[in-house]
Every structure is written in C-alpha cells, then in structure tokens.
Amino acid sequence: MAEDYVPTGIPGVDKILVGKGLPRGHTILVSGGPGSGKTTFAIQFLYTGATQYDEGGVYVTLDEEPGDIRKNMLKYGWDLKKLEEEKKLVFINVSPVRVAPSERAGLIQIGMKEFRLIKLLEAIKQGVEEVKAKRVIVDPLTIFTLQYPNEIERIYAMRDLMRDLKKTGSTNLLISELRGTGLEREHQFEEYLAQGVVLLRTFPKGSRLIRVFQVEKMRGLAIDNQPRPYEISAKGIEVYPSATVYK
Amino acid sequence: MAEDYVPTGIPGVDKILVGKGLPRGHTILVSGGPGSGKTTFAIQFLYTGATQYDEGGVYVTLDEEPGDIRKNMLKYGWDLKKLEEEKKLVFINVSPVRVAPSERAGLIQIGMKEFRLIKLLEAIKQGVEEVKAKRVIVDPLTIFTLQYPNEIERIYAMRDLMRDLKKTGSTNLLISELRGTGLEREHQFEEYLAQGVVLLRTFPKGSRLIRVFQVEKMRGLAIDNQPRPYEISAKGIEVYPSATVYK
Amino acid sequence: MAEDYVPTGIPGVDKILVGKGLPRGHTILVSGGPGSGKTTFAIQFLYTGATQYDEGGVYVTLDEEPGDIRKNMLKYGWDLKKLEEEKKLVFINVSPVRVAPSERAGLIQIGMKEFRLIKLLEAIKQGVEEVKAKRVIVDPLTIFTLQYPNEIERIYAMRDLMRDLKKTGSTNLLISELRGTGLEREHQFEEYLAQGVVLLRTFPKGSRLIRVFQVEKMRGLAIDNQPRPYEISAKGIEVYPSATVYK
Amino acid sequence: MAEDYVPTGIPGVDKILVGKGLPRGHTILVSGGPGSGKTTFAIQFLYTGATQYDEGGVYVTLDEEPGDIRKNMLKYGWDLKKLEEEKKLVFINVSPVRVAPSERAGLIQIGMKEFRLIKLLEAIKQGVEEVKAKRVIVDPLTIFTLQYPNEIERIYAMRDLMRDLKKTGSTNLLISELRGTGLEREHQFEEYLAQGVVLLRTFPKGSRLIRVFQVEKMRGLAIDNQPRPYEISAKGIEVYPSATVYK
Amino acid sequence: MAEDYVPTGIPGVDKILVGKGLPRGHTILVSGGPGSGKTTFAIQFLYTGATQYDEGGVYVTLDEEPGDIRKNMLKYGWDLKKLEEEKKLVFINVSPVRVAPSERAGLIQIGMKEFRLIKLLEAIKQGVEEVKAKRVIVDPLTIFTLQYPNEIERIYAMRDLMRDLKKTGSTNLLISELRGTGLEREHQFEEYLAQGVVLLRTFPKGSRLIRVFQVEKMRGLAIDNQPRPYEISAKGIEVYPSATVYK
Amino acid sequence: MAEDYVPTGIPGVDKILVGKGLPRGHTILVSGGPGSGKTTFAIQFLYTGATQYDEGGVYVTLDEEPGDIRKNMLKYGWDLKKLEEEKKLVFINVSPVRVAPSERAGLIQIGMKEFRLIKLLEAIKQGVEEVKAKRVIVDPLTIFTLQYPNEIERIYAMRDLMRDLKKTGSTNLLISELRGTGLEREHQFEEYLAQGVVLLRTFPKGSRLIRVFQVEKMRGLAIDNQPRPYEISAKGIEVYPSATVYK
C-alpha cells in the first residue's frame, strides 16, 4: 500500500511540508510569474520521483513543446529522454491547433472548439497507465481554463478536472500563471479549489530582487505558511526553509 | 428552552464574543483567503457543538467532497465518521455535475441550471431534521451566489437563503472567499446582509506573515472588533484575544 | 411651530452639529461599513426622538426584519415594542419577495418588478401619518437604488425619493453601505444629492482599529467636518467631538 | 464697455487670480467633493456681483430647489429673495421629472428624454435678459452630462453648452462633482474643455483634515496654481492665498 | 535645403534636445494635464518659428476657437493676428457641429459622422500651402481619436494621420490630454506611435506643486530624458534644463 | 554546425546571459516603455550579428517605416543601407493600410481584415532566405496581437507565430510595449509564452530617473535576473551588469 505523503525531493521543500511532502492523491496549484521556475519545479518533482522514489510521472504540456523542455532541463543534468526510454516519464502534448494542422505530427490534434475536458482526461489516463504514474503535471492550467469564457463554467471545469485526476490516485501539480507583480493581489478561484497552493514570486529586498517560495495552503497538513527565499542554480530549485523574507 | 447564545468552543473566540458565543439563530459570514482555515473553523464549530454541547450539526459542502474533509480533519484528532454514526453530524454533498453524472453516486444530482435555492433548502431541512441540528455550515457560499449573474438577484438569493435558514432555528456559518489580499478592499454585499462577519486574513508583520482573526460585525452583541492573531496548530484554530496586531 | 433643528440626542453628535442638531426637514445620508453601527445610529435617533423630544418615528426596513431589530436593540436597553404600542414608532417592512410569497405575512408584498418608488412612498406616508412622525429612516438605501441598472435613472429615483420625503416635513436618514475600506475612495452620487452626509468608518491607528465619525456635509449648517472617534457601548453610540484622529 | 476681468469678491481668490478676477466671458469649472462648499462659492460669486459690482446673476439649478438654496444661504447673511426682488438675481429650476409631474409648479417641466441642450439654453438666455446678467451658474453640470451615455457625445454637448454660454457675454461657473478623494485621480474631460478649473478639496494634514483651494487652470491669466487652504465660516468662503498646504 | 533640426526657441528646451531642436519632419506628442500650458507651448513653437526662423505655421484647433487663442496669447505679448496678416500663421478651425450649424460661419462644417481623417488632412495641406508652413499643430488629438471607438481603429487612424503629416515635410506637434495625475500611469498607444513624446506635468515637492517638463522619447536624438522644472511666466514657457526634480 | 548560443554583442548584456548570449533558436520578448530604446536594442542585435558574427538579419516593421529607422540609426554610426546592399539585412514593411492604398509602394499591401498570421509568416520566410538570416525582429508585436479581440485567440496566434518562427532556425526578438509605468504591474500573457523576457524600464532613484535593464526570464539558461542600469549613448545601448538598482 502507498505511503500517505509524496516527498518532493526538492531541497528545502519537504522540510516546509513538515518533513513529509505533499499529501498523496492531492492536486496542488503551483503559481508563479514568468521566469520563476514553475516548469523547473514541476520537472524536478517528476525527476526526483522517478530516480529516487521509483514513481512514474506524466507531464501534460499545453504550451511548450516536449523537445524544448527536454533540451532546457539538460542544464540541470536531468536526462528526461533516458527516463522516457525507461518508461518512467511520458510527455503528453495537448495542443490546440489553428494553422496547417497536417504539418504537426506526434501531437494530439484537437481543434480549438473540441479542446475540452474529456479529451484531456483520456490522454492523462492513458499516460498514467503507460508509466504507472504516481505524479502528474498539467502546464499551464491557464490555457485550459481560458477556454471557458464564463467564470462559473471555469470553476466547474476545474472541479471536474480535479475530481477526475483524483481517480487516477496520482499526486498532481497544476501550473498556473500569476498576474500581479506586487504584494497586494486578488486571490484567484483556482487557489480556493486546489487542495494546496504553492507560490513562486519575486520581491525587491534591499538592493536586490529575491525569489520567494510560499506554501499558502495545504489541506491535511499543518504547514509552515511563511514565505521563504529560494534560488535556481545548476542543480535546480533550492528553498531555504529557515530564512525569513520580510524585513 | 434554548440558550440565547451558542458557544463556539474555539479557544479565544468566545472571549471576543463577550464570553457568550454567537447569537443563537443568527447567520454569520466567515470570510478568508486560501489556506486561512475556513473549513477548519467551521468543522471545529460543529465538532465542539456535538461533543461538548450535544448539538447536532449539518455540513453542506458545495466544493470539497465529504471523504476528503473527513480525512483532512483527522490531523486535528476529530473523528467525523464517528459523529456521523452517532447521528450528531451529517454531510450534505450538493454538487452541480457536468461530466458523466451516472458515475457519481451518493450525491444530490442537480444540473447546473436547476441548482437553485429551493433544492438547496430542502436538502438542508432534511439534514437538520435528521440530526436535530442546531448548527449549520454552507461551504462555500461563492459557488451558490456566482450562479446569479445579476447583482440584485444575488442579493435576493442570499436574503432568501438567510430567511429560510432562520426558520430552522439553527445557528449558521456561511463560508466565503476573500478576493483581495491587502488591507484595502471593497466590502462585499454579503457582509451587509449577514448578521455577523468573521474575517480570517494574513498580513505581514516584521519579518513574518501573521494570521489575523477579526469579528467585523455581530448584530445583537457589543463585540471586540479589534483584529487578533490566531494560529492553526495540531488542535485546530486558536485565537489570542488579548494580543494586538497593528504596530 | 416646529424648531429649525432636530437634536439627535446621540452623545457628542449635536455638539459637532454646532449645538443644534440636524436641519429640520433635511434628508441625511448615513454611510458606513459592516458592523459600523448604522442601524444603531438610526434607531438611537428615533428612540431619543420618541423618548426625549416626543417626536414619532418611522423605520422603513428593506433588509433586516423588524423582529430582529427589536431583539438586537434590547442590548442597549431600548424597548422598541413599547414605543410601537405607544404609537411613537412604526416599522415598515418593505421587502421584495422571490420564494413562496404566501408564507410571509405582515409584509408589504411587492414583486421584484413592482417594487418601485410609488409603493415605497405610499407606505412611508401612511407610517408618518400613523405616528405623526417627525423622523424617518430608510435602511438600506442600497436595496432601493440597485434596482435601477442605469446610473442616471438611479439619480432620478433618489431625487424623487428625496423630494417626496421632503413633503412629509420629517427629518430623514438614508442608510447607505460603504464599499471601500481605505482612506481613498470614490464619492458616490448619493453623497451629492443628500443634504447632509455622515460617515461611520474604521481606520487603523497605532496598534488598534478605531471607529471614526465624520460629518462630511451638512447643508445649512457650518459644521465641524473633522473626523472624530466614536464607540459603540452598552448605551449605544457615543462620539468624542474634541478628540483628533489623524496622527 | 465692460472690464476685461470679473472680480469674484471672494476673500483671497482675486489675489490668486493676480489681483484681477476671472477673465470676462470665460466659462470656469468649479469642482469639489460633497460638503466642499461648491454652491456657497457659486452664490458668493453672484451675491458679490450683485451687491458690490452691480452685475446681475442667473443661477441654473439642476438638483437643489431654489427654496432650499435661499434658506441655506441665510446662514451667511445673504438675502437672495431681496436680490431677486431687485431683479439682480434669478433662479432657473431646470429639473427632469419622473413622478406626478402635475404636482410640481413653477418648474420647467421637461421629460427625461427631452431634457436637452436647447431647452436649457433657452432658459438661460431668458434669465440672462431678465436680470441683464453678467454672471451665470449651472449647478451641477453632472446631471446634464450624465444624460449622454457616450463619451464623445458628452464632449460635444459640453462644448456646445460652452459656445452658447459664450454668446451671452456672461462669465460662467459650471459646478462639477469630484469623484476620487485622494491626491491621485483621473483628469476629467470637462477640465480640458473649460477655460478655467477651480478645485475645492479636502486632504489630511497632521492631525486634521484641511480644505484646499486650487486654481488648476485659467486661460488668459498667469495664475498661482499652488493649492491654498480655505475655510467656510459664517461669512462664506475665505481662501488664504499665502499659506502653503503640502508639508 | 532645410536643416535637419527645428529649434523650438523655447528657453531651455533646445538645450535638452542636445542643442539642436526637434528632428525635422517628425511628429511629436505633447501631453499634459489641464492648465499645464500645452497650447502655450504649441503657440510659442509657432511664434518663434515665424519670428526668429522665418518658418510658417499651421494651427489646427479642434476645441478652442481661434479668437480665444489670439486673445489669450496676448498676455505673452504674442500678436498672432499680425502673423496671420503676414501669412506666417494660419488657424484651421476643424470643429464637429451638433446644434444650429447655420449660425456658425468661418468654420469647416462637417457632421459628427463625416468628421474624418481625409477632411482633416485636406484642410491641413491647404493651410501648409497657404503659409508654406514648416510647423504644424493639431490641438487636441483627443477629439480626433475619440471618434474611433475601437482601439485598433484608433491606432490605424493615428498612424495614417502621422504618415500623411510626414508628406507635408513639416514638423508637427500633436497636443494630447493626460488622464492620470500621479507618478504611476498607463502609457497610451499614442506615445508609442509618435516619434517623440514631451510630457508637461505637475508634482508635489516639499511644500509646493512644481511643473515638470520631460522629453520621454525623441527618435533620432540622444536626448536628456530627465524630468526638469518649468515655469509659465509673462514671456511664456521656460524650462530649467539643469535643475533636478526628484528628491 | 551552429553554436548553441547567439551573442548579442550589446555591451554588458552577454555577461548577464552568463557569458554566452541568447539560446539559439529561441524567441525572446523585449518589452519597454516609449523612448526606452527597444528599436535601438533590436537593431544593435542585428547590426552586431551582421558585422561581428556574419549572421544575416530580418527586421519586420509593423509601425515605423524602414526609411525612418535607417535615418534614426545613423546617430549611432550604424549604416543599415550598406548592410542591406551587402545582403546582410533586409527590412520587411508589413503594414495594414486604410487610406489611399495605391499611393504606398514598396509595402506589402494587406487590408485590415486579411492582415493575418499566414501573410506575415510568408514574408518572414522570404526575408530569412534572402539574407540567410539567423536573427529576426518583429516590431512591434502589439500591432499584430491587437487584431485578435479575444484573449484566447491572441494566445493561439502568438503561439502559432512562435512555432513557425522556430522552424526558420533563427533567434528572434519580439518587441512589445509596456503599459504600466510603476513597479507593480500585471504580467502579460506574452511573457509566459515567450522563451525569454527582457524588460527595459525607467524608475526614479534619488534625484534622477534611471534606465533599468532586466532579464526576467530565459529558458535554458541560469541567468542573473537582477535589474541592472543601462544607458543609451552615441554608441547605442550599454548595460552595467555589476551595478545595483534598488536602494
């Protein structure tokens, strides 16, 4: 039987998650600005899962192409191609197409109108079975939710996505794009629906900008909700769980 | 005959409520951000009611599934399953469905269009009778009010909900989602209609974020409206009614 | 013949109103946030009128039910039932209905569409005659004005309401809901149309929130427009007309 | 032949207007918040004109009734009735009507739809001829411009109003309602179209709110555009042209 | 052959423009608040051109009437009538008409609908030929762009205007109205399309408001983009190119 | 075979890009305010590519005319005409036309409606082949994306543009217009879709405005994301990679 928690393996993060990791089976929102390392965070979660915990991973990409992700992650020494060959990782490239669809092979071709929840979920389930995945990423959630022009429809679509992801038994990260750059912002409905929320932000401090990691919410776990500095180095993301951020 | 006030039993809260508790029969808005402990607050109110004051409780959930709530609350040592078996607590899972409705059993299946006040109220009344409930939670109110696109309609719908809840004689918490993260925000119409308003927020203070509890409004009670720090520990929520928040 | 000014009898307020009170026959906007004591202020004005100045009062409620108001005001020792029996106070419960109208007795039943100015004014005139009222409250104005979706229509509706209230000879308070919580806000059109504006707000000062009373406008009276602290105690509202608020 | 400038006669104001007054024939916007003394400023301009400079005045009111204005101005010792009898002042009550129009006598009765520029201008011309007016007030401009839902239409309507007012030869004040309460605000299109702009605002300074007068713009005159404190006393408005406002 | 740069002749401005002036043939946006001296700036540019550099000027006015401009500019000692008689300056009064068009003579009468780019350009070309103009003003641009309700249409219309102005060989100032009063504002699309942007603003500094001149952008010239104080005196505008503004 | 990185050759920039330059084949957003030197930055990238690295360049202009760019860049000593004659640079003037299209020669004439992705891409491919370009600029992106009124359509159009640019093998800069002037702003969707984001902004520091360069995001490269001062001198743009900006 599975453990109750999924260690992220990302330096500093599991300590913030009271030494345990993410509650198994939960769906967590990871929200950050451009260049905040959202994709690095997600891949690091899958890579550690595959190499340290023998847990397969599914990466559903709605924007960046798998080839680009594979190439960009090499700078951290993460050989994703090898994981894919060992059946420990699978990319699912779910991408709405508008121009010259016949030119794009190896891509689930769904028109803008039909790009809907059911097709997305079928693809995820297939991927989960293929590598017996315990960890799933959807990146970015925004491309999916923007398709529903009405707010109440967007809420229902995200709830349905979360309920169906739950049936797979996997632990899931939904990657989301922060809009505001400042301290004061509007909470998004996704933050309320998700079972956990992780924020990756950037704030000025003294003469520098610093990167700030915060677990805003984690159902089922009495977490440290303080903001903590993090860095993106040649080894990926590292969070400093004992350092403070506000002056 | 019933007492005039309902002790919350949540450490520190009843002291702020002038040693009495919530005015019996009133409907109170509990508004907070993601991860602020709104659900913990609500369950703690029901759990204390059932175990210390022998008052049954109804938890109407419009978002999270009862199974998840039961599991998440175990971390506080609250065995909700046991209360349900003792007929001291009942969950009502009112959830609009969009995909594959036949797959979801044990769920009041109402389509998006028909998900309306009357069905919600019937379900609540049934639950109240079942456990002779004195305490009722609706979580979150947002899923309910968002269905009314027009503001004046939303106001009428919430007033009707409040008037009908009043007939049950129960004391009710409506859980609501704060939008802004800062000190300056727009008051929502729900804050005016409710008979009491409790805010659960997070502000930076010195080098840390602190959690801040505030009774903004409580009709029929001359309360302390000062913001007070609170914490979420392994025992649930605890408010510090004598500590100050602003510098 | 009537005096030119109507003493409010609320401690501290008449001193701010240059020792006189409100100009007789004027219509004053009382605007405050949730829990700011708007209803307490209004009832205190009527109660003092009835008990100290022998002036009857009409309370038009568009939201809270009279029974709740009667009960909530007991905490200040104000027995409204007694005043009603003595024909010194009358409640008018003008409430648009949506669900099961036949269940609600003793309530002027007008549908949402017909809930309009003329019916409201007829009810007020009747009430004024019944107790020979000199003081009238409409609480809250928002429920009334929100029915006019177009701004210019809302302005006309409020002007018509003010002109007809004027014919009764009574001095009137229109209770209004503040939206913003901060120092910077947009003036509402109601503030321009009303002959006087009283603000009940809450600001942080030092380590505490303080309640702040301000007469922003009072036609026909050279008032003190400085913000002054106020408190809500077991005796109702008390304003401190000599204390300063800004640091 | 007429002088080139029109002294306002309001203490302190003409000094700010380089000792001269308003350029004769110009149309000036007077913009202020509720209770800022806009109407007092306007009446003081007419009253001084009639009593000190023998210039007749027209007061077009789109909101407050002439009777109320007459009464409210008595507190400054200004007997408007007398000026009217001496044919030095005339009120024009241009008021759109919605309810029971037959009840309102002595009022130019135009329906909401027909309440348009031409009727307004005819009324003004008639009034100007009646008292050989050199000074005209339109109070408030907002009721007039709000009738044009489209911004470009509003701009055209105000320009037409200004061009036709110009033909009368009178010097005109258009009274306008400020929306924002803070230092940062959006300039309104009226400020660009008017030949001069006077602002009446309120700002916190030290432990008090102070009233601040500012001539933001005055075509044809090299004015002092610094904000200056003003007060409303038993003699009307007085501006302190040598005192500074910002710390 | 013409020089590459057009000296403005406005004290201090050419020094900021690296001692040269505006790049010949460019179209520059001059944006300022009410009373900031935008029209004075523009006329000073034309007047200096006509009197010191023998360059004719065209002033296209979409708002203020030529007669008013002539009169207002006399306070600086600029006799525009004389320049017009010497064929060194021509006013073009392009004004959409709504009421009683037959009353307005000497005015290009185009209805609101037909008031379009082509008529405006024809009028400008005619004026340029008439005085062999090297300098053209359009004041204000806002009246022109507001007619295009759709943003992309407004962008195209302004680009077409700029391309056609370019064919005349003249150096052009488009006068534009600033909306925000504060330091933080949204850049307008006009600022991107224009080849140069000059801002005339007002900021508080110490105990006073100061006028601040800034060349935000000037294609083809490595300008000083620092904000500099300016004054409007009896000689017109003077900028202080060596003084600093921020504390 | 091509190197993995493309040196920008712009002083200071490659040091920030860890001594390497831009990842070859990536599409980078360059976003700045009016006058921030976006076009200078782009031309400097092409000019250095052509003269120091023997890499051809394509400049797609959707706003400024090639003749103006050639002239304006002469101030930096960059003779673009010569590069064009040497087949190292080509301008593509893609410009929607509204008025008198027959007058404009040497311009790809597409109507507003047909101005779409496919025509733009054909033109780019042709240009890339013509000079065997390794570097491509699209300036400004805004004119392109504004044509899609719906946000989700704009996202798809930009993704399609990025995917097709990728096929050319070139390294691309998309020039974008910043809206807000302050520190707090909304991230734009373009920042998420682009593989890199460079910001050119202006902030007050002490008594001056300073220009601030920041690489907000650069996929595939562990860059310095700190803001750094830059200047625009007679040699073009220079960034100071070791200086700090925040106090």
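Letters are used for the chains, namely A, B, C, D, E and F, taken in the order the chains are written, and counting of residues starts over at 1 for each.
Keep this in mind: contacts are C-beta pairs under 8 Å (C-beta built on N, C-alpha and C of every residue); 3 or more make two chains touch, one makes a residue touch a chain.
Small disclaimer: the values here were computed from a predicted structure and weren't measured.
When the partners of chain B are compared with those of chain E, no chain appears in both lists.
Counting hops only between chains that touch, chain A reaches chain F in a minimum of 1. Summarising the inter-chain layout, the chain whose CA centre lies farthest from the centre of chain C is F. Shared numbers divided by all numbers used gives the overlap of an interface; between chain E and chain F this overlap falls below half, so the copies present different residues. With rounding to the nearest 5, the Cα superposition of chain A on chain E corresponds to a rotation angle of 120 degrees. Averaging Cα coordinates per chain places chain C and chain F 60 Å apart. With centres set at the average Cα position, the gap from chain C to chain E is 52 Å. Measuring from the averaged C-alpha position of chain B to that of chain C gives a distance of 30 Å.
Shared contact sites, meaning residues of chain B that touch two or more other chains, fall at 184. If you draw each protein chain as a dot and join the dots that touch, you get one closed loop, with every dot joined to exactly two others. Across the interface of their complex, chain D is touched by residues 117-118, 151-152, 155-157, 159-160, 163-164, 183-187, 189, 191-195, 197, 215-222, 225-227, 244-247 of chain C.
Chain contact summary for the complex, chain E toward chain D: residues 33-35, 39, 63-65, 68, 71-72, 75, 96, 98-99, 112, 140, 142-143, 146-147, 177-182, 184, 202, 204-209, 211, 232-234.
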